[in-house]
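The two complexes that follow have chain A in common; it is paired with chain B in the first and with chain C in the second.
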Partner chain A sequence: MCIYCELWGDGMTWYLNPKNYPRHMYTLPRPDAKPRAAAGEANPGGYINAERALVDAMEKGPEEFEATLKAMRDGADLVQGCVGGFMGQAVPLRDAEKMVEMANPLGLIACLCRKAMLAVEERSRPETTCMGLGVGMLKWERWPERYKGGVHWVSSDEAKEWLRDLDTRGFMHSLMMFGPRFIGGICNCDYPVCDALAMRLDFGFNMLKGHHVAMVDHDLCNGCGICAQRCQFGALKMNVTIDKANIDQMRCFGCGLCETGCPRQAISLVEKAKLPALQEVW
Partner chain B sequence: MVDRSHLKVPKPTPVDLTKLPLKFPKIEIDYSKCTVPFWCKKCLQACSQLVFQVYCKQLARLKESDPREPGTYEVVTVRRDKCNMCNKCVEVCPEDAITITY
Partner chain C sequence: MATKSEEEAKKTAYPLFVAPRPYSFELSTEMLELLRKEFDPPIIVAKFAEAVAGKKGPEIDAVGEKVFGEYGEEWMRRTLQLGEEYPDRTYEMLKEAADQTSELVFPLVLQRFIEIAYLSTQQFRILSIVENWARRLVYKVTDCYTFKTLQDKCGSEAASLLPCRHACLAMCRTGCQAWNLDATVDMDATMVKDGYCQFAINRI
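Presenting the complex of A and B:
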């Protein structure tokens, strides 16, 4: 069982448990309260500094690297209180659609990773690639000059359409958390640009694999190779000998991009709970 | 710090610890020349390995600074471990602010 389900699932998949969506997190400060420093104001580029420290530690030696990695995992540098420093989980499109039905309000926002990596400012609604769930989005609406682009409110049906559109374009969906337990949004990532995904694939932390793995039906597969273009994790390769797709379930994140891209429905998502050897692979 | 050792947190380490320490290229940016990186963004777009990241240095409360104003944003080298020294960022930089040494 995934660690989040163990902690917060109450017997079901944790991100489908309505208890884990924030409803009372946005509070107005008392009039006599001292103004707090906004996140990032005290330490601008805090996340970037942590990543740079990790790369610098790799030059120093294994002991320094492990110590820095441990500090980041414990959440001392990154997100206070997140278990093990993990911040998200890959979710397939069908579960993301269930999530947007459950959460309210829904707001489309600009992606912070793409802003830091490529200096892309997603200022209009068709450009947005990130979705915030819950009342925290009201803050983004209040200060559009602080959160560039502001927030575009959508209904759950519009959000589903938006998710399907991004899925067609080849973005992998993942949920993100604002602090422990509370699901704050749905990211749409691709490998080198998404910071969380790059940290996971290069250094091994920050994001959990999903609750599913993909399986190929070789009778239906015609070897068109569309799925291999869409896999972000190097799990799906074309088996050239028999000219069919081949999926490494140990590497598969269960994002379901290959399933939604397959024109012949040859790929299906199987629940990890049915595969005993994958229970510890997260 | 809360003791979480009883939880089965997966510990994958794709970095091979036996190969450390590794040597990475050193990328130096002259910040007296590079003043408006968010507006210019040529090195960010030229790099195939996405070594650089840009962040807002002067974050005022509830307001983000104008990217056209010199000195508000800063480009930094984050993933030096991925740099392949193709020198494309050095070529595209209009201010010749980047130097790469190994």
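Presenting the complex of A and C:
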């Protein structure tokens, strides 16, 4: 069982539990509160700076690296209310579609990672690859720098269509936490542009693996290799001897891109809970 | 070398964001004060205490249903009125989102007014929302000023009958009626048994 299912699942997969999406809309100020400072500019290089700090620390030696990594994980736990620095989790398309039914409002927004990494700006709705969930999105104007390009409100049906389109294009879906027991976003990522993904694959924290792993039916696989092209994790390769797909389930994140991309439905997602060797691989 | 269209694109600025004035994402303190003056729990508890003087058990609950039920209806009606008269930027954005998606009246618009109702009459700063999605809006009240006042004024025995629940139930039902929502209002937990009251509004 993943740590968040244990903490907040209430007997189900935690991100399919509607109790992990709600937020109050208003907070009354404390009677002795000082006037609120302006929210200020978002730091579009947040993740990039963190990754840079880790690379710098690596150059200084293993002790410095460990200390920096620990500080980052602890900082994430403190600020985001997560555990072990894991603020996100890979989610297959089918679950992402269920998630958008449980959260509202749904706002399509520009991806900060792509902006910071590649200077790609997503100005219009078809370009957006990120989605903010929950009532906090109603206050997006407080951070105009972060939300350049605006917020495009969508219904749950429109959100599903948007997710399917991104899935077809090869983006893997993941959720993001913003505070304890609060899922506030769905990202659509690719390595190494997505910093959450890069943090996990390069430094071992930030994004948890999903609740599934992929499995190939070799009788159906025709060896076209599309799945290997779509895998962001290096978990899929072509088996040379039989010329068919081969999945390293220890590396698989369960994002399901291989499944949705397979033209012969030769790949399916299996729940990790049914595979004892993988139950604690997160 | 940049093409003509690229050069044109670079000249195109982001749409300039002009902040409306007055510009606050928070609730109007003036509105909260007005509601507090009219619906302060000690006022209704005093009225209830007067009505139940000398009465017992089932009679107390019947009086509670009438007194607190009427109070709850009026509480939400006034909240709806003032909530519209004193908009904030959060509400404006919510209405924009609701217009664009044809969704969100349930649960979010209703949630806003329920939050106003409680924040104006209780002593907590945040209403704890347990669920808010297309089928259910659930919230809980842990530190209830009305219940405490009831205990102080009418004693623990009368308070343990929770006559005040009729106010919360009626308030939620009035909110659903105002927005033409087909929904049931249930009480999932009570202060007496669970240490907090929890109300669930379920779409039919």
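The rule is short, and it goes like this: the second predicted complex is superposed on the first by the 245 of 282 C-alpha atoms of A that agree within 3 Å, B and C clash if a C-alpha of one lies under 4 Å from a C-alpha of the other, contacts with A are read in each partner's own complex, and residues count from 1 in each chain.
The definition used in the following text is that contacts are C-beta pairs under 8 Å (C-beta built on N, C-alpha and C of every residue); 3 or more make two chains touch, one makes a residue touch a chain.
Treat the numbers as computed from the prediction; the structure is a model and nothing was measured.
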(request) Go through the superposed model and pick first if A:M117 touches only chain B, second if only chain C, both, or neither. (result) first
(message) Taking the superposition on A as described, I'd like to know which of chain B and chain C A:P62 touches: first, second, both or neither.
(response) first
(message) With both complexes overlaid on chain A, does A:E141 touch chain B (first), chain C (second), both or neither?
(response) second
(message) In this superposition, which partner touches a larger number of chain A residues, chain B or chain C?
(response) B
(message) Let me check the overlay on chain A: which residues of chain A are in contact with chain B and also with chain C?
(response) 148
(message) Applying the document's contact rule, which stretches of chain A touch chain B when the two form their complex?
(response) 3, 6-7, 35, 37-38, 40-41, 44-45, 48, 51-52, 55, 58-62, 65-66, 69, 73-74, 76, 83-84, 86, 115-119, 143, 145-148, 192-193, 198, 201-205, 208, 280-282
(message) Please output the residues of chain A touching chain C within their complex, sorted ascending.
(response) 18-19, 21-30, 101-107, 123, 135, 138-142, 144, 148-150, 153-156, 158
(request) Over in the complex, which chain B residues touch chain A? Could you list them? (result) 1, 4, 7-15, 17-18, 20-24, 37-38, 41, 44-45, 49-50, 52-64, 74, 76-81
(message) Going by the contact rule set out above, which residues of chain C touch chain A in the complex?
(response) 14-15, 17, 19, 25-27, 32, 89-90, 93-94, 96-97, 100-104, 107-108, 111-112, 115-116, 119, 125-134, 136, 138
